[in-house]
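These are the structures in question, set out in turn.
Below are two complexes that have subunit A in common, paired first with subunit B and then with subunit C.
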Partner chain A sequence: MAGLNIEDVLFYAFGAGTVLSAVLVVFFANPIYSALFLALAMSMLGALFFVLEAYFISVAQITVYAGAVMVLFVMVLMLFDLKNEGEDILKVSPLGLIKLLAVGLLCGFFIGTGWVASKIPGKVISETSMASDQQTAINKDVQPVDIGSTVSLSRQLFSKYVFAFEAVSILLLVAIVGSVALARSKGGTHHVSR
Partner chain B sequence: MFGRATLWIGIKLKMGTSPFEFLINTLKVALIFIMTVNIVPLLVWVERRGPAFMQNRLGPNRVGPLGLFQLLADAVKFIFKEEFIPENANRVLYFMAPGLCLLPAALTFAAVPLASPIHIGDYTFKIQIADINVGIVYIFAVASLGVYGILSAGWSSANKYSLMGALRASSQMISYELAMGLSIIGILLIYQSFSLNDMVLAQEGPLKFVWQGKEIIIPFLPNWGVWYQPVALILFMTAGFAETNRLPFDLPEGEAELVAGYHTEYGGFKFNIFFMAEYAHMITASALITTLFFGGYSLGFANTAQVTQFWAEHGQSAAGMLGISIADAATVLTSLTHLAAFSLKTGFWLFIYIWVRWTLPRFRYDQLMDLGWKTLLPWALANVVITTTIMFFAHVGN
Partner chain C sequence: MSLDNLHVGINHYLVLSGILFSIGVLGVLIRKNAIVILMSIELMLNAVNLDFVAFAKFSQNIDGQVMVFFVMTIAAAEAAVGLAIAIAVYKRFQEVNISRFENLKG
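Up next, the complex of A and B:
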């Protein structure tokens, strides 16, 4: 079975696509192109999850980020029709120096992470959270292959992680109420006339 | 060794070991896509002749029998029209937008099961491009990407009417996606699955459910989702009209105010692609209504085993013609029967879509938003609460 494994081909293709579109987000001067490439990067990430057989995470990723969050971004950007930020990154000013420093720091961070990761034996990564979750799974009928299915996911969510799950939902509720309150307060987008 | 292998999109299989599976899957993708795209001209014909009949006029009836060749003439016209690009257009996005519109619309159809699987020898052929275990969520996810095509078209045309149309379209789609997603929660609770195949199998045979430990069978009704979730059907259908940008919710292209909305500046084949995308959305929406509420490809009263049994007794001539065993031929004939049933049901809902277009007037924008947020959304939430309560009491005796 030494033949070319199409899973690997797709994984690396989508991985390269994700990285490339993420890089293009930064390099485009036009904010609309940046936003569109960010949406593409999100979709590619969804495709990566799909190749890894985590179907639910994959479609949730696409719905939430590419289908909802980024659509609003793109919509607002198109409505305002921002002009190109054709500013040279090496313009001689203190700001340019800070930019250059930031880029250097980021590059150093990437190289450092890569160097640290290469020191760790490969096995450690594959044996972390997933495997231990399987061993402590409450339902014994959950097969290891089943880890990406919605059944095992929801069983974990509503048993082991139920507190975190509910805490996050309260956090989201607070955020929603807060944003409505901010929008309706004086000086917001709407005047409270009623 | 290939036996009962999951034959789908190619992600699961190793190219080196089985080029046959790869070939079959590629063929399936091509065939189903071409089928979907080729229903579009037929639907256009129905859309022109049907309402003409309803409104007591003739419609296009000169070219060919019943005016059917008008479609070919239109296709030729679309291809040979002069290409016009607005001067201030953003050319990259302007050319990309029709594709961005058609791609998600065509991709959604991949998860819809069209018929029962065919068994020949050791092979199982699924009449579906991708049997994803979260099929319904996949369709919603990919459909939500359709907004990008419309937004890019509207913005890149450098025309205020296009931009207004695009903004209307995207806000409308985002608003109604919520109601649409919530409306099917009840259905998901009842079938306890995200997989469209599981849902179809759950709807086979006569109406049958368990109430407090007792099994109740109503023999004169098919086991369709619509009996369990009638409110969800109305909500889903209404949201479907808004999602496909069809009348009475076609504000994005309301010609009285916006010329033609986001595709004002498009002509020729590029306009045709927008048209195809709209109809592909319509086909998927109809196929989803069929699958969720009307038993999908199943025949209503007879389940797959019974249909296969029938064809095993009556299908000798077909088996002789194909040169395969009678058991294999029975699965082929069953699959064809199911495909016919699916096409009929989907065709019926497509006709409803066209019928409604020529019946209801267009909504005003604030009415549209009120309907989405203040009517459909609360009803969908109420439907979820009521369904969970009833489900709880139904399982009390278990």
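Up next, the complex of A and C:
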């Protein structure tokens, strides 16, 4: 198993790109740059989904997130006049240091857990070992499916998860009505005469 | 460190997702602009999506991808409502600083 294959190279390239864009989202003072780098991070995550053989999810990620949601963000930013938004992100304060420390600790826990898990002998979770675990699983109603195909995804969506699917449609209706009602209200949530 | 360790397994995806989630948490904690906070929340949701897809691939079970579908839908609805609230706050205070949100009441 010497040498990296193409999936490993793609993982490291897109993974590094995603992390870099995510850091830039947080540390750019101007929100419009944050939005653009968030779109970049979403697109690279879409590429990672492609590497993971989730083709439908990958395309949905790029159209829904990098397309629709980001257009929504940029439109709202255009509505605001945020030129005087001189936010001092890198200002050193005791509270800021505590926040940074806490997040660093959380990140360290994630990395440490992954590192420890990769060290446990005989428990290496690979594609083949987990798949063979599933063959012998007691839960026999889980059929081995082709995870790359949209057919098997939609079959699950419209049989096992059909109630959740319908519930999501109701949620979307509520969100549409709620956002229109919120955005139309005069002077925000307060009754002020202008 | 041998090259075998660099071979990508599920641990690599989980660590990447954890790093992305931590960056999202950092954004929510240190930023004052409500729009950027919403963006950081999107980042955290995407980190979780990466976890779901990685588990779907490595366990050859498509249910994870169905969950990602639902998370995406709900994240889009959440972004729409959050941005509508941000517009309402901007109309009232002419800025979207998060400290203005404490004045939200009926």
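Brief remarks on what is shown
As a convention for this text, the second predicted complex is superposed on the first by the 109 of 194 C-alpha atoms of A that agree within 3 Å, B and C clash if a C-alpha of one lies under 4 Å from a C-alpha of the other, contacts with A are read in each partner's own complex, and residues count from 1 in each chain.
One rule holds for everything that comes next: a residue touches a chain if its C-beta (ideal position, glycine included) is under 8 Å from a C-beta of that chain, and two chains touch if they have at least 3 such contacts.
Since this is a predicted model, take the numbers as computed values, not measurements.
Using the contact criterion defined above for the overlaid structures, shared-chain residue A:A13 touches neither subunit B nor subunit C, since it reaches no partner. Of the two partner chains placed around the shared chain by superposition, subunit C is the only one that A:L52 touches, whereas subunit B remains out of contact. In the superposed model, A:Y65 makes contact with subunit C only, not with subunit B. When the shared chain is aligned, subunit C comes close enough to touch A:L172, but subunit B does not. Looking at the shared chain after the overlay, A:L100 reaches subunit C, while subunit B stays out of its contact range. Looking at the shared chain after the overlay, A:L79 reaches both subunit B and subunit C.
In the superposed model, A:S43 makes contact with subunit B only, not with subunit C.
Note on subunit A: of its two partners subunit C and subunit B, the one contacting more of its residues is C. Once both structures are placed on chain A, subunit A residues 1-4, 7, 56, 60, 68, 72, 79 are touched by subunit B and, in the other complex, by subunit C. Every residue of subunit B that touches subunit A in the complex is listed here, in rising order: 10-17, 22, 132-134, 137-138, 140-142, 144-145, 147-148, 151-152, 154-155, 163, 166-167, 170-171, 174, 177, 194. Those residues of subunit C lying in contact with subunit A across their complex are 3-16, 18-27, 29-33, 35-36, 38-40, 42-43, 46, 49-50, 53-54, 56-63, 65-66, 68-70, 72-81, 83-93, 95-96, 103-106. Taken in their complex, subunit A has these residues touching subunit B: 1-7, 10, 32, 36, 39, 43, 46, 50-51, 55-56, 59-60, 62-63, 66-68, 71-72, 74-75, 78-79, 81, 149-150.
Of all the residues in subunit A, the ones that touch subunit C in their complex are 1-4, 7-8, 11-12, 15, 18-19, 22-23, 25-26, 31, 34-35, 38, 41-42, 45, 48-49, 52-54, 56-57, 60-61, 64-65, 68-69, 72-73, 76-77, 79-80, 82, 85, 87, 89, 96, 99-100, 102-104, 106-107, 109-111, 113-115, 117-118, 124-127, 130-131, 133-134, 142, 144-145, 147, 152-153, 156-157, 160-161, 164, 168, 171-172, 174-176, 178-180, 182-183, 185-190, 192.
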